[in-house]
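Listed after this line are the structures, all set down as structure tokens.
What follows is chain A paired twice: with chain B in the first complex and chain C in the second.
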Partner chain A sequence: MTEVLVVGAGLTGLFASLLAAEHGDAVTLVAQGHGGLGLCHGCIDIWGRATPSRALSRLRKSHPYRLAGTAALHAAVEFFDEITQQAKYPFSGSISRNLRLPTALGSIHPTALAPQSLAQGDLDDGTPFALAGIDNLRDFYPQLAASNLRHTGIAVQSVLELPIPLDGIRHDFSTSDLAQLFDQPNWREETARFWKPHMTGIKRLGLPAVLGLRDPQHVLEDMQQRLGVTLFEIPTLPPCLPGLRLEVILRRRALNTGVHLIEGPRAVGRIDGRSGGRRVSGVVLQTAGGPRIHTADVVILATGGILNGGIVFHQNGSVQESVFDIPVNYDEGRDCWTTASPIDSQPYSGYGIMVNDHMQTLDAKGAPIFENLYVAGGLLGGADRTMEGSRQGIDLATAYRAVEVALF
Partner chain B sequence: MPALSTQLLVIGGGSTGLGVAWDACLRGLKVVLVEQGDLGQGTSGRYHGLLHSGGRYVISDPTSARDCAVENRVLRHIAPHTIEDTGGLFVATPADPLDFPDRWFAACQKLGVSAEEITATEALRLEPALNPRISRAFLVQDGSLDSFDLLHALTAAIKRAGGQVWLKHRVEKLILNVNTVVAAEVRALDTGELITIRADLFINATGPWAGQMASMAEIQLPITLDKGSMVAMATRTIHTIINRCRPPSDGDIIVPIGTVAVLGTTDVEVQQPTDIAIEPWEVDFLLAQGEILVPQLAHQRPMRAWAGVRPLYRPNTVDLGSTRELPRSHIILDHADRDGLQGLISVFSGKLTTFRLMAEQVMDLVCKHIGIAAVCRTDETPLMPTSRSFYKLPDRLAKLEATTSHYFPQVICECELVTRSAIEEALRATSTHDLDDVRRDLRLGMGPCQAGFCAYRAAGIAHEVAPPGSWLTAFLEERWRGMVPLGWGHTLRQMELMRRIYLELLQTHSISEPTK
Partner chain C sequence: MNPPSFTTDLCLKCNICTAACPVAAVTDLFPGPKSIGPQAERFRHPRLPMPDVSVDWCSGCGTCSRVCPHGVAVAEINILAKGRLAKERHVPVRDRIISRPEILGRIASPLATFVNASIRLRSTRWLLEKTVGISRHAPLPSFTRTPLRKLFPDRCFDTPFDVEHDIDHTVAFFHGCSNNYYEPELGGLTIAILERLGFEVVIPPQMCCGLPLQSNGLFDAARRHAQANITWLAPFAKQGIPIVGTSTSCTLMLKHDYRTILGIQGEDVEMVAGSTYDFFEFLTFFMKDEIKRIEFNSLRAHALYHPPCKLRNHGIGVPALQILRRIPELQLHLSESECCGAGGTYGMKLDKFPVAYQVGQKLFSQIHQLKLDFVICDSETCRWWIAKHTDLPVYHPLEIMARAMDIQYNLHPESKGERQ
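On to the complex of A and B.
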């Protein structure tokens, strides 16, 4: 049994931990905080800009998809499907064709896989739909969304504002407050009673994503049955429920599979001197009680990119990887990191760790730096995930590839 | 073409123009003010927030120093609601010339600028975050002045007195009759309509645009444009304005204002009033200088950088040297005397602190031309606080917490505690429904997340109040611009979060918004 250490508990780290644990290895997952799932829409973007399957074969050789390989992507998606099916939160869609889902702004989000509650909003489904906001919820504006959808030629039947049974309570609530209320059968019963009169003439209705956190598929089906319409959810501003649900599902399964989760401490990389510097021996965890050494045969680094702290950008114009200080591929000097508009492609988005097709980090000559250190997910360079619409696909494929090379 | 007549047309809606218009109203003149953008969109809104004691200029520019000292007292009297009486300190650090404090202190006393020496220990007791190695410290009467509150109060006062303030109206042409300016052609930027305004006198109070405005009457102004960059730190850290006690130079001041501390400034000569891009060295320099005064700034997060363009007077006799050497006191040019052109007066340079004095002197000249004997009353007439006094965060919090209504107010911008009703009110009060105007009115999106969360919410509300304009992208771009010069560490993470929300979650780049 191999001792595996995974650093980072976002989509990549959780997925890699599950793969390794279900393969029968002893997995420890260390994480400084929550991963980025709560900031994500909860779908699996594989390639947003064009037909995915064709685009993937044309990428640069250093692109994470090319390095991980199409087989890893397919196997990863298969495993992801199995996890979500078993968690009773089934996903629809496929690698070869994107769903087109409406966003809270009324733009179109092309994505490969989405949970059923979001996928039912597919704009290529011909069923007419209406949009509904929830009274006093500040994170969703259906009028704006409807207006922008209509502007692109998509018909929105009507826009409603639905009341909620919170009378007598001073409320300025968030989507996660609401989702936890929807987890309760009494709340659903009462809310459905409030909503039912508004459903006349509506077949399909889009709502902000608030339909439950712990057992969302059941909440969806229950509400659909009570209201007699097909419901679909639209992700809102973070914290974003569909992303949080994935985190709940993956964490729950990881703990059930025997993954040892250590949360809180910062990890500092530890190199195995006896190997002549060719191997890492684990990490030192900066716990409240002092440093604690954690050794492993294999380390999978899934600390994420700039947002999640895997990569740190310094005022002096340098860019550093935060656990092992392995070299990052970037342009020197702050002024070339960003551009004038936030909606353009940003050079910094493509910075990250360069690896070979075994997900091992490379030195200047292109040789692996450490034999037993594998890198996956947002930490990898060579892709502009935001503009490509490839974030979760890269996370899954590279996590799969790293575990496959290290353990299978 | 629609036309109207007035006695005085003031061009420019910064502190100078509004000050002139207010003074004119009090002297009983009919006045119209036109501004091409929003209130304080130029230099008045792009400053560090310092109400000068005068101490900064006692050596380099005694006239400015004396004016500041007097006007400081006047403004505290007429517009106390715009000022936080932070007090100021001039401190000498080990990096500063040893002989300067004594010379400086003597000059303060000579010019009537109030200054009191305290021991370094006392200064540190007052401001524990100060560099412990300071050798001398002096208390002065600095304050922080909220220019947006001031401009709103002036505008309200002008309107109450019967004057008119037209925002988003740009002067496109000055019409001359032989040697007299008789009218201006003004474009309403929202509707595209062209209006002719006839007036007895025209005041060019356009700040860095003064040169361009004068050239419409074929006059060259001796003006140099000088960019000053500033950095706002995400925390306030200090509660007293801290000045370096040394000859005026770059990066010599920290101003606590509202929830932030502003590090100022640099001096870079530029060609256009719109040249406000900030170079990386400017930011590095300001942060390094700030650390000399308050060492813990090194561990804090810079939140936003911006630059204003000072219109400085450069007579032909001054050699091309550093713009730091140019006098900072204001200049009033009567083009009748100077160029033989009747009907036009230009006023530029000066400080926000002395805007009222500039206006008084301009209006004295105007009265002489028009032949009336009214005296200035702006120094004794208080400006009423406007309902838009939104600047102080604790006040907003108290108001929120005191809410007794059934529904708790929806907080749309959590950093600056801006509520839904405040946004709706602001949107209804303007004709433009531009999110950036709402920002200037309410501080929407000016906190640490720089509109990452509230931009979408505000766009949604704007759409409900007045479809179809939302201009979300333009607003995000404006917020982004202030973060780009600070794009490393936590600020770059914040920028990435903005992109994750607006591009990955909301796919903002794939919609075409209604154009302005």
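On to the complex of A and C.
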């Protein structure tokens, strides 16, 4: 049994841990806090621009998709589908064609795979729809979304503001508060009674994503049945439920498969191992009592990109990888990091770790720096995930490839 | 080490802590760790009164700091603010009483039979609720007649230099108030397991870790407790003797809160922090290979393991699971709740009880749905709380480990024959 250490508990780290644990290896997952899933829309973006399948084969050789390979992407998506099916949170869509989903701002989000509650908002589905906000829920403005959608020529039937039953002590709700209430059957029954009168003439209704956290598919079906309309959810500002649900599903399965989750401490450095320093033998964790050593045969680094702390940009213009101090591919000088227009592709978003097709980091001569260290997910350079709409696809494919090379 | 308030600038307002906070999920009275922590901290001027009192509803579970991916010391900021609030306001008599489990133990243990019997009376609980405001629905522990230190006088040492044994296989046991005054049988079991594994167990001088005082805002008293413990424990740490505890909140005080919250500095506190281990952390770290060789007896049972918040905050994962999972036929379910709600003394308070109970509901309903034989949890206050509200026995994981290793500790050896 190989001892595997995964650093980072975002989509990449959780997915890699699960793959390794279900392969039968002893997995420890270390994470400084929760990963970025709860900040994301909870869909799987693979290639946001036209015809994904053709575009993927034309990418540069250094692009993470090319390094991981198409086979890894397909195998990863298959395993992801199995996980979500078993968790009774089925996803719709495919790698070859994107769904077009409305966002909270009223823009259009092309994505490959989405949970049913989001996929039912596909703008290519001809059924007319209305949008609704919920009283006492901050940060979701259906009027704004509707007016922006209408600007792009998409018809929004009407805009509603739906009341909710207040239970006396609560008046102000976040999305996660509401979702936990929707998990309760009495709350759904009472809310449906409040909403029913507003449903006349509506076939399809878009809501902020609050329909349950623990068993969302059941909540969706139950509410649809009670209201007699097709419901779809729109991802909100964090806490964003579709992302949180994925986090809950992946964590629950990982813990039940025997993954040892060490949550909280920051990984602050590496321990060098055998073969003249070409192997890592573990990491140093900054625990409550002080630094403690954690050893492993294989280390998978999934600490994420700039936003997640995997890469640190310094005032002096240098860019550093935060745990192992592996060289980062970047441009010298802060002036080259960004372009004048904030909505264009930004050079910094392509910065990251360069790897070979085994997901191993490379030194200046192109040889692996550490034989047993693999890098996956947002930490990898060579892709502008925002412009490509490729974030989750890269996470899954590279995690799969790293585990495949290291363990299978 | 920077003061916790320095970390406010690291906050991206991502709301991960708000989504994870067990208290904010059930009440409006607490607006959530982000609002009350890194956000409100900017309005807390050192020389002006506290602008907002809602921080008092924080149960101190520490979930927010653990889930923060950016290193914001959210819980620490809130506990310090709670301390300031307590200093500005009047600390109720009740809080001054329940925050001193050691003094209560010292007074009550000689009268244990009488005290235990009267605590169990409904009328006493009614009176305690009406007079001082201790909820009658909250569990109160039973006192023991013979504290752990009296049961093991030959293992109590004032300094490590009195120990004439193999220092490499010596462990200093930080028993805390609970093992001493409420559950000496658990302390006895701890010693028995460690001795079976080949360690010499010594009991250094010690007093209450000070957490209940700190949680109730009595920082000066907490600091006095901390200083005394550091003075007593540092010589053991400096000899390279690991300090091992079974109460996860006490060991977290030694590891973390003394430095970060009470602001104690110096070589001694650092030595103590670095030498302190949770019982199972110690076993899985120092005895990794030995543990793998132990052949546990099978234990045919359905159990749920709920790792307490304070254990999770050690940043060591859940080491007990690595041992529990090896016990044949033990069907282990994992808790899906961040917190049981007890929050140490939080759930005992009449005003806080409804919130604490609401927090616990998620765990209680998971427990009820599973049809379990028992529940497993490390922290004593959590165990008492879960047992009271689920009517199931709740064991420390080391009790289960002992059972699977055929290790017993009998508090009353004289009555051994009668029981068998």
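What we mean here is this: the second predicted complex is superposed on the first by the 398 of 408 C-alpha atoms of A that agree within 3 Å, B and C clash if a C-alpha of one lies under 4 Å from a C-alpha of the other, contacts with A are read in each partner's own complex, and residues count from 1 in each chain.
Please note the rule applied: a contact is a pair of C-beta atoms (placed from the backbone, for glycine too) under 8 Å apart; a residue touches a chain by one contact, two chains touch by 3 or more.
Quick caveat, the model's predicted, so the values are computed rather than measured.
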**Request:** Would you mind checking whether chain B and chain C clash or fit side by side on chain A after the superposition?
**Result:** fit
**Asked** Where does A:41 make contact in the superposed view: on chain B (first), on chain C (second), on both, or on neither?
**Response** first
**Request:** Using the superposition on chain A described above, determine whether A:229 touches chain B (first), chain C (second), both, or neither.
**Result:** neither
**Request:** Go through the superposed model and pick first if A:292 touches only chain B, second if only chain C, both, or neither.
**Result:** second
**Prompt:** Who does A:172 touch here: chain B (first), chain C (second), both, or neither?
**Reply:** both
**Request:** State whether A:341 touches chain B only (first), chain C only (second), both chains, or neither.
**Result:** first
**Fill in**
Superposed angle chain B/chain A/chain C, CA centres, nearest 10 degrees, is 90
**Prompt:** After superposition on the shared chain, which partner residues are touched by A:32: those of chain B (first), chain C (second), both, or neither?
**Reply:** second
**Message:** So in the superposed three-chain picture, is A:238 touching just chain B, just chain C, both, or none of them (first/second/both/neither)?
**Reply:** both
**Asked** What is the contact status of A:103 with respect to chain B (first) and chain C (second): first, second, both, or neither?
**Response** first
**Request:** Using the superposition on chain A described above, determine whether A:132 touches chain B (first), chain C (second), both, or neither.
**Result:** neither
**Request:** On the superposed three-chain arrangement, identify whether chain B or chain C touches more chain A residues.
**Result:** B
**Asked** So after superposition, what is the minimum Cα distance from chain B to chain C, given in Å?
**Response** 6
**Request:** State which residues of chain A lie in both footprints, the one left by chain B and the one left by chain C.
**Result:** 36, 39, 170-172, 237-238
**Request:** Report the residues of chain A in contact with chain B in the complex, numbered from low to high.
**Result:** 36, 39-41, 45, 103-109, 136, 138-141, 143-144, 147-148, 151-152, 170-172, 235, 237-238, 240, 305-307, 312-315, 333-335, 337-338, 340-343, 346, 348-349, 386-387, 389, 391
**Complete:** Counting only contacts in the complex, chain C reaches chain A at residues 14-16, 18-20, 24-25, 27-29, 31-32, 65-71, 252, 254-256, 270, 273-274, 276-277, 285, 312-318, 321-322, 325, 334, 336
**Of chain A, residues touching chain C in the complex** = 28, 31-36, 38-39, 169-172, 174, 176-177, 180, 214, 237-239, 244, 252, 255-256, 258, 260-266, 285-290, 292, 308-309
**Item:** chain A-touching residues of chain B, taken from the complex the two chains share
**Value:** 279-280, 284, 287, 406-412, 420, 453, 456-457, 459-461, 463-464, 467-468, 470, 472-473, 476-477, 480-481, 484, 487-489, 492-493, 495-514
